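Common to both upcoming complexes is chain A, partnered first by chain B, then by chain C.
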Partner chain A sequence: MMESSMRPTPSPSVLSRRALSALVIIELESGRYYSLDGAGARIWELIDGAHNSEEIVAAIATEFRIDTDIARADVTDFLDTLQKERLLAAA
Partner chain B sequence: MQDTTGIDPKIEVRLDETGRRAFLKGTAASAVVIVGSGDYVKPALRFLGVARGQALVSPIPEREDEKKEEKEEKEKDEKDAGRHSSSFWMGKSGEDADDWWSESNDAGWGQHGGRGTNPFQHATQFSPFFTAHGQLQNMTMWAVLDGSGGSSARKAARELVAAYLNASFDRRYPFTQATLKAMWTTAVNHGDRALDALRSLLRATNSN
Partner chain C sequence: MALPPYLLHDVTIAVTGDTSPLEIRLEARLRLLPPSTMRHADVTFDLGVCVEPRLTLPRPSGRGRPVYEHPAGDYSYFVETDELYLDHAGIAVAHCQPTIGLTRIRAMERTTAIEVAAHLMFTLPFIEMLKRRELFGVHASGVCVDGRSMLFPGSSGAGKSTLALACARAGMSLLGDDLVFVTRDAHGPNIIGFPDEVDVTQSTTLLMPELIALVPEDVGATGAKRPIRPERVARDIASRCEPGTLVFPHLTREARSSLRSITADEAATALAPNVLMTERRASQSHLDALVDLARVCRSFRFDVGSDIREQPAMLLRAFAG
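Now for the complex of A and B:
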């Protein structure tokens, strides 16, 4: 699990493409394609090396008007998924 | 949006359901993405497929009753988007498109609806216009387009040149010139698997 103080960044082998309110992601080394929408797309935008996971949680909670605990649980799960798929740079 | 490749974050691609299905079938690079309504939904990563060789392999089965509609919409979308293959730009698809970019400021470019002027001509060297690759030394754009087979870099470069002509000709092409250059550079830096993935993506985008 990612620590809240860490500032995640995309893997250098990942290309992402904005598509209105959604994103398409390609991991060039594996050739795997993904899409994100809604909160997932917004979280990806915040994975820029400038925001730590707690700041991402706060942004999602505010922007989507949801409880912070729910946002924290969802963001944590989502970051773990991205990490398992090797879409994030190694810590 | 953060971007690891220097791609302009303002670039947008119009995606719709038809485009997604086409993407999954390997016939278009525009993935289907359902745009959210704004209500909160738990974030999820949707796996669309894997680029292998020439096709994008979809993990999602396609419904038979959607095929006819998809085909019609796909044909319309592709026509509107101005996507053309490498063969097209070599004049092998019934149009003399090879004459649209044979020289600098080629009159044929604009006469056939191209934006501005052609970005390069047949004799332009592939690099340094695009990031250099050892398999493409001293090759002209025409030489890159011409032929079949070859290394991962050769195959990807062939689609890249066609894609760049498409992007220059018609602003509705899904990738901008700057994006294509950045994608190429990224792929070169990551080796053959990345070049194969890029080739697959561009081939799907360029195909008619």
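Now for the complex of A and C:
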């Protein structure tokens, strides 16, 4: 699990581009493709090395008008998934 | 025989090497491109026919990662040295240095090896070298209607060629049978046609029997696909046009075809596999161009039935809609 002070960044082998509401993501090493929309796409945009995970939680809670604890659980789960898929740079 | 340099958009393509059946097959693919007047080529294909292609072009050292899945092939990209190396069961091998624009292709002198060399060994490095020169490949057939494109992206066997042929036979200008390119300027993406040979399968000739008379007897076809010169099936060949629609074909067993609108998000996701997993910056530019294309086009899923005579009119209605 990622610590709240960590500032996640995309892996250097990841490409991404927003279409309209969805983000298209490609991981060059594995050759996998992903499409994210909604909160997932927004979280990905906040994974820029400038925001720590608690700041990402706060942004998601505000923008999607959800309880901070629920946002924290969702963001944590999502970051874990991204890490398992090797879409995040090694800490 | 030295082939003249060709021009695709603003990229000069040279083909050098020994006189060979491989050169003849490549000439058949490139012959409709206009000649280039530039003295120096941007990209060069150096061809050769030999007994042991792997000995002539050994695999680069270092770690390669697969860029294309094929049961008979090793198609790898070497990140550290930025090289593409394609080895098709030892019968045909290509070594591509995309930044400097050089691909060497070696093949055994037998029909299957020449065909593999003239197609996969040529096409993948071609796409990669042009990608580095801001021409981004899309695995699609396409036609041009009133200056705007109607592209049919899809993998092999999705029905791309048959749709493009049906549209070309109905009077639309052909952009390409299997590959087109996207380029970008200040106004957005544009489509660049690639007037390659048209590969016709038996299932296509069953739907359009009039094509049988157009298939030459003596051209190097191996197996299921037969090449036809594009000018024999299309009244006009279009070299460039503005983006119009993206139509993603899906073959069905239904009698009637049906068309439904899809979102730019769905279209962008469907186009993403066109990006070869190579150098990061150029691959990001490729993805950007494909997503930009999806954003400016109207997009459809086309469930393709057996009503091929009705399909061009159906597509035109959607195009005009």
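Here, the second predicted complex is superposed on the first by the 91 of 91 C-alpha atoms of A that agree within 3 Å, B and C clash if a C-alpha of one lies under 4 Å from a C-alpha of the other, contacts with A are read in each partner's own complex, and residues count from 1 in each chain.
Basically, a contact is a pair of C-beta atoms (placed from the backbone, for glycine too) under 8 Å apart; a residue touches a chain by one contact, two chains touch by 3 or more.
Given the structure is predicted, the values throughout are model-derived calculations rather than measurements.
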Counting residues of chain A touched by each of chain B and chain C, the higher count belongs to B
According to the stated criteria, A:Gly49 is in contact with first (chain B), second (chain C), both, or neither; which is it? first
Which holds for A:Asp37: it touches chain B only (first), chain C only (second), both, or neither? both
After lining up the shared chain so the two structures overlap, which partner does A:Phe78 touch, if you call chain B first and chain C second: first, second, both or neither? first
In the overlaid three-chain picture, which partner chain does A:Ser13 touch, first (chain B) or second (chain C), both, or neither? both
On chain A, the footprints of chain B and chain C overlap at residues 12-13, 15-22, 24, 26, 28-29, 31, 33, 35, 37
Within their complex, chain A touches chain B through residues 9-24, 26, 28-41, 43-45, 47-49, 64-66, 74-75, 77-78, 81-82, 85, 87
The answer for chain C against chain A in the complex is residues 65-67, 263-265, 267-269, 272-273, 275, 277-278, 280, 283-284, 287-288, 291, 294-295
Per the touch rule above, chain A residues touching chain C in the complex are 12-13, 15-22, 24, 26, 28-29, 31, 33, 35, 37
Residue positions on chain B within touch of chain A in the complex are 1-5, 7, 9-15, 20, 23, 31-36, 38-52, 56, 179, 183, 186-187, 190-191, 193-194, 196-198, 200-201
